[in-house]
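Two complexes follow with chain A in common, the first pairing it with chain B and the second with chain C.
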Partner chain A sequence: MATQTVIGSKNKKDQVYTDPWKMMNEAERTPSFFTGSEVIKEALRRASCDVMIAYPITPQSEAAALIGELFAEGYIGDYFRGESEFAVMSQCAGAAFGGARVFTTTAGPGTMRAMENFPMWAGARLPIQMIVTCRGINSPLSIQPDTLEISYLMQTGMLVWHAETAQDFYDWILKGYMVSEEPDVHLPLALCCDGFFVTHTKDMVDLTPADMCLPPYDPYRSPVPCMDMECPPVRMMRDPFVMKSNYISYATHASWQQEVWAAVERSRKHTIAWLDGLIEIEKPDAEVLIVTSGTAVSQGREAITLLEEEGIDVGLVKVKTLRPWPGEEIREATKHAKHIIVPEFNVAGWMAREIRATIPNSERVYAGPHVCGGMTMPPEIIAADIKSAMGIKTSALAGRGS
Partner chain B sequence: MSLERIKIAPELHDIMPEEYQDLVQRATYGNNSRGWKDIGTSKELIEEHSLCAGCPESMAFRYILASLPNPEDTVMVGSTGCTSLVFPHVGVHNIHSLFGNQNAIASGLKRALTVRFPDRAKDVVVLAGDGATVDIGLDMTLQAWFRQEKFTTICFDNELYANTGGQESGLMQKGFVAKMAPVGKTFEKVRLPEIARESGCHYVVNCTVSKPNLVEKVIKNAIHVAREIGPTYLQLYTPCILEIGKNSMEGLQEMRDSEKPTERFAYKEYISETAKELLTEIAAKEKERKAAAKKQLAEQTA
Partner chain C sequence: MNTQYKVMPGPEHFLPPSASSMGIRLPDPGQGHIHGSIVPEEEAMEAAARQILQGKVPTIFPGPLVLWAWNEKAAQKAKAIRELFETIKECAASSQQPMLIPMPDYRPKYPKINPEIEINPNHPNLTIWHNKIDVCMFVGVHCHQANLSLKIIRGGTNCYTIAMCAQAGHEDAMLTFRDATAEKILRLSEWVRKLKGSVEPPSN
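Entry: the complex of A and B
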């Protein structure tokens, strides 16, 4: 209700509340040369965010601090530094329970420390947006890019998207609120990227006008009551389910979890519209396909160029959303592929496992290369793995122990 | 919340549950002088509970809910434990999310409500057990005070983990033999009231819930000070009769025994200078209001 009435009016920073579809798809864009962290700030400038809560951890600290500058300029309703990621994610929950549009950022060990909050966010249907600038989580200490933490987030009931570039980041932050705040979705979004590769490098990004912003969040479109005492309080239940060992209490908990995952499924239609599909495909008829997400996609593109020079035709599937998982799209895109190569920036190869579990004839999936701990992924090693999968003899690359 | 919001459309009156009709017609929303004396003559914001028979926590809940100065604009935050079994019955919005994060939830909540309702007093009240407040959640308890977050923290101190079956907690007395303290607790009861004062709380009280008028007074003071000035802390002894070997009728006596001058729940309070000024001002206004009401009544009857 409120959303419709404010379109065209101005906020206190003289930004015009704009129809989100027009703002994202029709408004003139200005090419700008920014780091990923600066891009996060620019997206937030236009996001009509009520509360942002920050905590320092590399590589998201710069973005979190830049949003503090936005607060000082008057673009964010409230902003403060919490005491740990666990506390910050609970503070975000409190703000979202109170009906605010909430934003936060974290990375690596911070994601892991805060983990108990994420199924709670999803279960409480709080549409918080969290940027995850992935980094190593294991001992010994590492601050370098590594996407292992995403595999933990994928089971929380949150929406999980994996941006490849700063442009993705800019658009998806704003579009992410539109998807996650839909009444039939109303779930938190973990918008992930590979730390440093995206946050600390500069890139050309097309920005929407700075004098346009999203309409404010309307907490009364939520499928669960907003905890602001603006609607009558009712006794929720006569016997708290936690104490009961009976069928009704189990069934209630079970159906609530099922409803969270059903809401993830219902986000598909909105996400497909806003992101123009859950995957992107290049050369779908190639016998060999690289299927992956994040900056591994960029490295895949470089490998494809290298192999083109040798006359080897390789296609590409960029997976944009991990939850909802684009299973049908991947099955369709890979149905003619003989070899499916899944390069990843983590030791576990979770993306390859997800794809294997999705498609028929999963022996076609080649899990690798997977680099971790901050190691780079030169296109040459992707190309070498592709040739190896195709049975083409290659000379050993230095340092691989072969 | 405008009181208009809870009213029932006449056409729907007969299909609304009796309990809701009671809440609209007989509860004390909007009554400036609401307090513990309304118990028994009005619809309470808690009527049933799932606690043990005779549990002092259930008394504390009733007194506190009867004493909230502004229930129509109050949101409560709980934590895991026996209190989380009661909150689903409570007639104000309340949040349970995780164990120990109650002061973090309240920090975000209070800030969101302040951003969304800049011209309205929306009170936030945390109510959690001693395990949540002092052990697993101590970091967030203290940090909210350091940051001067404007809400009240109430700790139901039963000196152990009651809901999980009577394990040692930080607020347990030294020497008490409990689960996970098989040879007796080896260190002193954590002195949270003093820590609260040093951490920036403007109003701190340590007492039992044996006297409802006292509970009403400290609840109202704590909430008014938190609304206008900064964090406040109440540590209320609500003994777990089950785990200390008392029967249902012995909770009140246990509290009376523990609040004697030399005992650990002898009444203690700390009020900052700014809070003293505020409370004096509120008391003067209240006196004025009562005098005016009395005068009006006298004029009406004359």
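Entry: the complex of A and C
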């Protein structure tokens, strides 16, 4: 169905298919007090989603269940539970191959269990949207916030965005479809947030009108044909590229991979327009900058307020998208910074590694503070690490007898 | 990204990069690109017509989106492509040998493709080598398959590639149009007719 032809008409729930740009940028918003999980439901209500496939895993289970209510109300075309996360992601692929707008949610070990599917989604150019409510992935088991799984998603060929707040989440779910369904992009989107911190806390969120929805997905704009057993990538899974060993098979596969990453690059133009840039900057002239993503940004803001009271000026760079990676924007934003502080909710420090690989004079990057396994990140420890990086003596924040 | 990279005829490299990864960006509506630089669409029209009139074997590769009459627009485009091909033949010098070689589907053809009569996106270089094609235009090929193929052509041949794309265009072609319609294809045909005689044909 051509997008332009349905604008202004109504769906079966009496919602008006609305020009997405007008819906997201011009329509009146209603402030509402919701949890992040409830916000996912409200975004989906307006997303003209054809298929949602669910599987329980904390902390996304609540959102998955709430979307089941949406299905019962008639807002989602089809909804069912898969047998495992691997099955869910495979079923999402099937639905998307068939031309549906697809949505799913997962978290932590679920993301890892389903990992084989994500490069397949990207390689097959399936614009599936997957919410990732990040949590711990390693033994001993933890259901608490931890962003390590994002670093695995970053090499899959998917678009990867990292929401800070429930408001980000609401807007980016809807805008995400607009970017990922562009024919020159047409890639899956992993829309990540820090589990519990975003999903299970309430926040004020400005919602678009419930009687407006996105126009339906138009599969005829896809850069690949709809599923056909005789067409790549399905055909290639059962014969030449896998079974043949010759130069042209390898060259074709290489060109195919390059095309997936070329599509990630092409998403920049659309993402910049929809998200108003890949990063946000506060106080760009400060000598010290906090550069991070997700709720570490929120904690960074609190640390900046604490340091302001002591007369220390610190700026902030909020990284919104990890794929595409805003390398040029970060180089420009950090060019005058003497110290770049990268707080993260994971043990590996993947964000600091990315930034070090991006900027000149990478010794300016201070990879920390790190917390993981569900620990909170008090703003005081960020402030302390900033002072330490600046050579200012600080006292221990936690300890006995001093 | 500021880039010095130009999308030029090859053979470029064992594995050439995607133009997108080198900072080449797609044109907006009303624009085209030539070698990676954004130009007004009319400038791209003229440049494409010149390439067609200069090539020894200017060839149109129509893909499945225009080879099958799956809707009225596809049928109109197919007629426009036939008109363009007839115009090229009519305007071609005796030293030129225009060709129309279909890309009917994307199946890898094993054990052997007949590259004289069809092109396949997985090994387009065979068709180009066998027919000595030095200028080609993709039209009606799904975007992913077109880019896949355009990179392979750039990597291993010296063929000048033009893309007449119905969506956002192809930065992996040396020259691209976007939002292709039957009217746009016919406009290219008019440009070929207009430039006939003013472009030096290839020597024998």
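Miscellaneous remarks
Basically, the second predicted complex is superposed on the first by the 385 of 402 C-alpha atoms of A that agree within 3 Å, B and C clash if a C-alpha of one lies under 4 Å from a C-alpha of the other, contacts with A are read in each partner's own complex, and residues count from 1 in each chain.
Convention: contacts are C-beta pairs under 8 Å (C-beta built on N, C-alpha and C of every residue); 3 or more make two chains touch, one makes a residue touch a chain.
Small disclaimer: the values here were computed from a predicted structure and weren't measured.
In the superposition on chain A, A:99 makes contact with chain B only, not with chain C. Touch criterion met: A:225 reaches chain B and chain C at once. In the overlay built on the shared chain, the residue A:182 is in contact with chain C alone; chain B does not reach it. Once chain A of one complex is fitted onto chain A of the other, the partner contacts of A:84 are limited to chain B, with no touch recorded for chain C. Residue contacts after overlaying the shared chain place A:287 against neither chain B nor chain C. Residue overlap on chain A between the chain B contacts of one complex and the chain C contacts of the other covers 225, 230-232, 235-236, 239-240. Across the interface of their complex, chain A is touched by residues 1, 5-6, 19-20, 23, 48, 50, 72-75, 77, 84-85, 87-95, 97-98, 101, 104-117, 122, 139-140, 143, 147 of chain B.
Contact residues on chain A toward chain B in their complex (touch as defined above): 50-51, 53, 77-78, 80, 82-84, 86-88, 90-100, 102, 116-117, 120, 124, 225, 227-240, 242-243.
Residue ranges of chain A in contact with chain C, taken from their complex: 125, 182-184, 186, 221-225, 230-232, 235-236, 239-241, 244, 248-249, 251-252, 254-256, 258-259, 261-263, 265-266, 269, 328.
Residues 1, 15, 17-21, 25-26, 64, 105-108, 110, 122-123, 125, 142-145, 147-149, 151-152, 155, 167-169, 171-172 of chain C are the ones touching chain A in the complex.
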